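There are two complexes below, and they share chain A, which is joined by chain B in the first and by chain C in the second.
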Partner chain A sequence: MMNLLSLLLPLQDVSAEVIDRIPSGYNHFILPYFIGILFCISWLLVGLLRNLASLPAEDRKRLALSLVTPKTAWKNIRDLFCDCLFHTKIWKRKPLLGYMHSAIAFGWFMLIILGHCEVALFVPKHLSFKEGNLFYPIFYRFFVWANPEHTTLRGSLFFFLMDFFLLYVLSGIGLAMFKRIRSIALGMRHTTKPSLADRVALYALWSIFPLRLLAESFTANLSGGSFLTYSANVLLRWLFGENLYIMPWWWAYSIALGLFFFAMPFSRYMHILTEPLLILYRNAGLKIRTLNRGFGEAEIYACSSCGLCLDACPMNIQKKNLRFSSVYLIRFLRRHNQAKVDRIADKCLQCGKCAQLCPVGVNAPAMRVVQRSLSNNVIPYHYAYMQDVAAAAPASQGKVLYFAGCMTRLTPRIIKGVEKVLQTAGIDYVFADKEGGLCCGRPLMLAGRTDAARKAIEANRQMILSSGCTTLLVSCPICYKVFREEYDLPGIRIVHYTEFIQELIASGKLSMEKDGTRYVYHDPCELGRGCGIYEEPRAVLSQAGTLCHASKERDESLCCGGSLGSLTLNYKDRGKITEGALETLLAENPECIVTACPLCLKTFSEKSAVPVKDFAEVVAGHLPQASA
Partner chain B sequence: MKKNILIIGGGPAGLEAAASLKHSGNNIILIEKSHQLGGHLARWDRLFPDGIRAREVLDKMIASLDGVNYFTDTDIAQINILDRSYSVILSNGISVLADAVLMATGFDLFDARKKEEYGYGIYDQVITNADLEDWFRTREDSRIDHPKRIGFVHCVGSRDEKSGCRACSKVCCATAVKQACEIKAEFPDAQVYCFYMDLRMFGKHYEDLYLKAQKEYGIRFIRGRVSEVAEQIDKTLQVKAEDTLSSKPLKVTLDLLVLMSGIRPSQNLEPVRKALQLAKDDDGFINERDAVYELQKTSMPGLFVAGAVTGPKTLPDTLAEARAAALQILSYLADNDKKPAK
Partner chain C sequence: MDLNRVDQEKYARLVKLEPDVTCCIGCGSCTASCSAGVFSRTSLRSALLALQNGKEQEALSLLGACMFCGKCLMVCPRGLNTRHMILSIHKIYSET
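What follows is the complex of A and B.
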């Protein structure tokens, strides 16, 4: 056996090497690793400087300020640990997948940290500060030998920890390999198609840790090791005899590392190093202004291409629409493939689920809107007529101003319901757009027509401010979101009717009579993920009847298919999305579907076999008979 | 040998086919799911373009049935495909071994409540074309009380992808113009508007009817879809539209709004269609074998179609298809006799 191996691997004798390895801290085998990481670091450094330079001056100032503000600094630290190392967001949804990611990320991180500790503790100072210090922590077991029989307790603790974390990483790698074969076992129906650079980096990453295990195992009788490496070493010596050929394994390990770092900037693994930057930018409160520069570029490179957005996207009820997922938007943005980027950007329904579930927190819907604005803002229109709206403010000094919005005006039963509830509760209100009004601006925003949206927002803002109202009540979540985010209305409370009615009931101004009807509540995208309102409508509906669960609800809720967000999705595909969403709603056989968005109401009503009702309509139907 | 021919549907297509087949020496069984014969025709008062009474036409059809077996309030409980026939169990318990089946199942009117912006089922003064025909026939509808301003909305649930139908329903334009003239004749001092996309007056005398509506009845035709309808406190309706000829937005107050509900595939038919493995079009209507030469045949031998089961049709077209189907069924049965049994 030994003879055969020595024929195949004509290598130097181990004992001959011993002497010059320790003092120099250098061996030729580190070269692949060294070149790889040198390339990677310089590439990243140039990229980072370019990115920082492309930030607008005001954003740069904001970033600097956020780094020294204790509150954001603390948030940065917490997010860096939770998102980058522990992957808590994935843990919460898919525990096994979370384990896989955190095993690789946190395990590797600990190996690096512990490696440096070992060097600091055990390598003589005069050596570690000389030329060798670069490679001691990475290839510690090669350069520093400790006779296993004479290790101190402190030393063996480190040996144990290093072996433990290596095993931890290896378990993650094992799961990752299994995921390639059967992703559903880890909770993913679809995974991304890896690009060429992804593949190179992926296979390199897969081989790094098994090779490290082999290299350290081959050396363990000389360098020392713990339960994993030393046991493997005993096995290896039993198999191949006492004189083990260690060099090929260290070379292979170094090559795998080098290859990984070399491929990294071109692959999905770039996110390991760019995600921290995105976290800092995000916590500093920066907004996406342009793609391929500044914050937008950080988002693009922070995408880990993990493909969790594939299963999240409601369009993917049809497999052919997988190609419009956020992960591919970002891939083609990276490749500057304008035609594909435009097509993907326009197709999205803007339901926000991919952004909500993204482990890195990439806001792909916002990126799509920016992309849309590049081509859609060029159409010239006249907006003079908007001034009439601004001037026609209904006097509502100190009162509630009800703004129904275009979509509610097309679904009159909502208006009927809202008015009945308001009258029953004795609210003094004024109907702002009874005679017609102006678009809230949100659909224009979604279409990337930001200039037009600004015009509409300003005209509406003037109308609302000069009305003198103190509360602005809306029944459409689409309006609600834009009012909350884009309107500057000092002193005016903006409230959605689900919140308002819940408060009326809580304060005793309104009471409801419960019956046995089984309701299911559909979370509209703009209200749930868009504005974080999940509890209020449920609290009210549970007083109208029995509230059933949908198989996907709250932040997992599916778009109804009628969204204004998509510019190009055809009605047939939308219909499929509607049918899919209805299926999730009917999981517990409810008798009635309730939603709090005119668009969801309209979309579901056309397809549903079960009656679909508006939130206010249900409330109005459950008012006590005396007052009704 | 006497053959069994099953006709599903007792509307104009089914009745006419049954009448055409009754002297062929075969055993005809006609079934109708509702309690009376006539289908949508029984609900209609007068017919375009000349205003003949629907009842008179229907009475003639029923009279010419003359001895054909028919069952009302009867549906198909089960249908199975056999080698050269269809085994059918009816909801009244009778089972039939049919050598040929004619599907004359007609259509459903679009449920106007699904176009919620027009307010049908929410506002009192919004009715459909079928409601108006009911009133013409019975004079019983509290909503129609000397209206002064009346509007007709064309293409409700047709030519409208959002409501799930791209296709034209073919008959609503002429029906709207007919109904507009009729209601104007009832209320001569009323102002009548028709909101249309374009008027598809393709048939004989249709264009004359359109001209007469403008010249003699003073109906005002406005090219533009109604965008939204709102109810005022006094129950009148405020209708917003765009006059696309003058490119101006338009707001009118009306006392009555009539929605021209379009023709949609029959929902009742779905289980039968599935049992027979018949393909349907994107719009939900049954596919004929080809759209030019074999209009009455389907992908299944011995299974024939006539009338609106394959898409919107005028009444004369439906009757012509029924007669054609009868001939095709007879030639199919004759051919089948010549073939050796398996």
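What follows is the complex of A and C.
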């Protein structure tokens, strides 16, 4: 048996080689790796400089300032560790996926750090660039011969740690391989189709660590090892005899590394190094202005193409819509495929779920709006009439100004509910758009018609400011979001009716009578993910009846299908999304669906078998005098 | 008006891009609910009719005040994508 093996695997006497290789600190096998990493570093450096140069001067200044501001600097450090290394965001949603990713990322990071520490402690001169800084610590086990009998405690500790983290990474790689076969086992229904560069880098990455294990195991009796590599070495020597032929393994390991670094700039693994940059940009308060440049480019390259947005997207209730997901938007942006980018950008509902759940925090909906504005911002508009509306501000000095918005006017029951609640609580209010008003500008904004939106925003702003109100009450989350983000209204509190009613109840101005009705609350996209309001409506509804859970709620909630965000989604496909969302809402058999958005209310009402009510309508129905 | 001299090519492009144009039953729900219609003469229904009659400028002027609020989309009994129709009309007919 042994003879057969030795025929198959020609063995070589290593003793001569050992003496040879230790003092030199160099061997030809490092070349593939060395060329790969040099290429990768220079490519990235040029890319980084180009990206920084493409930032507007104002943004560059802001970035520089943020790096020296203690508060943002601390946030940077925290985010870099939590997001890039530990992946807390993935852990929280999908623990197994979180383990897989942090095993590879954090494990590899620790191998690199520990490797360098080991070299710093034992062979300090090799930390200098001239002495092989780029390869010596990586192939330390090859270059250093540690006499097992003279291994110090420090040495053993490092051997143990290196083996431990190698095992940790290997467990992650094992899960990653399994995920390719059965992604659902790790909590992903759909995964992305890898591109060619992705495949090359992926298979290289998969082979790096098993090859490292083999290479280190083959040398473990000469260079030392711990529980993993040394045991493997004993096994290998038992199988192949005392003289192991080690070189192929080190060559293979180096080639796998080189291939990975060579393919990396063209693959999804660019996210490893772009994510830190994006974190710095984001914490500096930078916003997307142009795609393929500056912040936009950082977002494109930070996308890890993981495909978590595929499961998140409400459109993907139909498999044919998978191709409109954010991951593919970014892929085609990277390839400058304008036709496909346009099609994908126009389809999206702008529900914001992909951005909310993205482990890297890429804001794809904002990218889509920028893309839409390229072709839609030039569309002409004739808004001269807006001046008259702005001038005719309803006098509401020191009062609450209620702005219902376009959509609420299609659902008069919301207005009825809000007015009843306000009157019961004795609030002095003025109805801003009773006879019709201007649109808030958000739909124009979402369509990429930014200039037109600015006109509408300015006209409304003038109307609100000259009305003299102190509180602006809105019942439409679409208006609410744009009022909060785009309107400059000094001294005026902008409040959504869910918050307002919750405050009225908390302060005792309003009381409700509870009955046994089982309610489920639907989080409108613009209110929940858009403005972070999840608790207020639930707090109020739990005083009206029993609150059931939806199978997907809060930041996981699904779009109702009626969103104005999509430009091209047709009626039939919207209907499928509505049905999907209703299914999640009816998970616990509620008797009534409650929502706080006129658009959701109208959309659900058309399809739901269960009554759909507005939040204010429910509150108005539970006021003490209503039952009396 | 001599309909033979109207540019049929643009309308053909519009129909190809927006097949919904031919599905409109002219009920006028969009016009009745229009937010901009309160302040300025705005009507998608009339605009489509104007286009079919070769009155391109009139069609554009009927849509210029549109604020894109989407109410027409919500009320259309045929489920037509009115907003995208408006975008396409502007894009095709505003070309010089």
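By our rule, the second predicted complex is superposed on the first by the 604 of 628 C-alpha atoms of A that agree within 3 Å, B and C clash if a C-alpha of one lies under 4 Å from a C-alpha of the other, contacts with A are read in each partner's own complex, and residues count from 1 in each chain.
Keep in mind that, in the parts below, contacts are C-beta pairs under 8 Å (C-beta built on N, C-alpha and C of every residue); 3 or more make two chains touch, one makes a residue touch a chain.
This is a predicted model, so every value here is computed, not measured.
**Student:** Based on the superposition on chain A, does the combination of chain B and chain C result in a clash or a fit?
**Tutor:** clash
**Student:** Contact-wise, after the overlay, does A:410 reach chain B, chain C, both or neither (first, second, both, neither)?
**Tutor:** Touch status of A:410: both partners.
**Student:** Looking at A:392 after the superposition, I want to know if it touches chain B, chain C, both of them or none. Which is it: first, second, both, neither?
**Tutor:** neither
**Student:** Report for A:605: first if it touches chain B alone, second if chain C alone, otherwise both or neither.
**Tutor:** So A:605 only meets chain B here.
**Student:** Comparing chain C with chain B, which touches more residues belonging to chain A?
**Tutor:** Residues of chain A touched, chain B against chain C: more for C.
**Student:** Look at A:564 in the shared chain and tell me whether it touches chain B only, chain C only, both, or neither; answer first, second, both or neither.
**Tutor:** The second partner, chain C, only.
**Student:** Using the touch definition from the top, say if A:539 reaches chain B (first), chain C (second), both or neither.
**Tutor:** Neither partner.
**Student:** Is A:381 contacted by the first partner chain B, the second partner chain C, both or neither?
**Tutor:** second
**Student:** Is A:436 in contact with chain B, with chain C, with both, or with neither (first, second, both, neither)?
**Tutor:** both
**Student:** Check whether A:449 is in contact with chain B, with chain C, with both or with neither, and answer first, second, both or neither.
**Tutor:** second
**Student:** For the combined three-chain arrangement, which segment of chain B clashes with chain C: 219-227, 291-299, 309-317 or 327-335?
**Tutor:** Given the superposition on chain A, chain B and chain C clash at 219-227.
**Student:** So chain A touches chain B in one structure and chain C in the other; where do those two contact lists coincide?
**Tutor:** 409-410, 436, 571-572, 602
**Student:** Which residues, counting only chain B, touch chain A once they are in their complex?
**Tutor:** It comes out as residues 113-114, 116-117, 119, 122-123, 161-164, 228-231, 240, 282.
**Student:** Would you tell me which residues of chain A are touching chain B in their complex?
**Tutor:** Touch list, chain A to chain B: 409-413, 416, 434, 436, 571-572, 575, 601-602, 605-606.
**Student:** Taking the touch rule as given, give the residues of chain C at its contact with chain A in the complex, in rising order.
**Tutor:** Chain C reaches chain A through residues 33, 35-36, 38-40, 60-61, 64-71, 73-75, 79-81, 83-84, 87, 90-91, 94.
**Student:** Mind listing the chain A positions that touch chain C in their complex?
**Tutor:** 346, 375-376, 379-383, 385-386, 388-389, 406-407, 409-410, 435-439, 441, 443-444, 447, 449, 452, 456, 562, 564, 567-572, 599, 602
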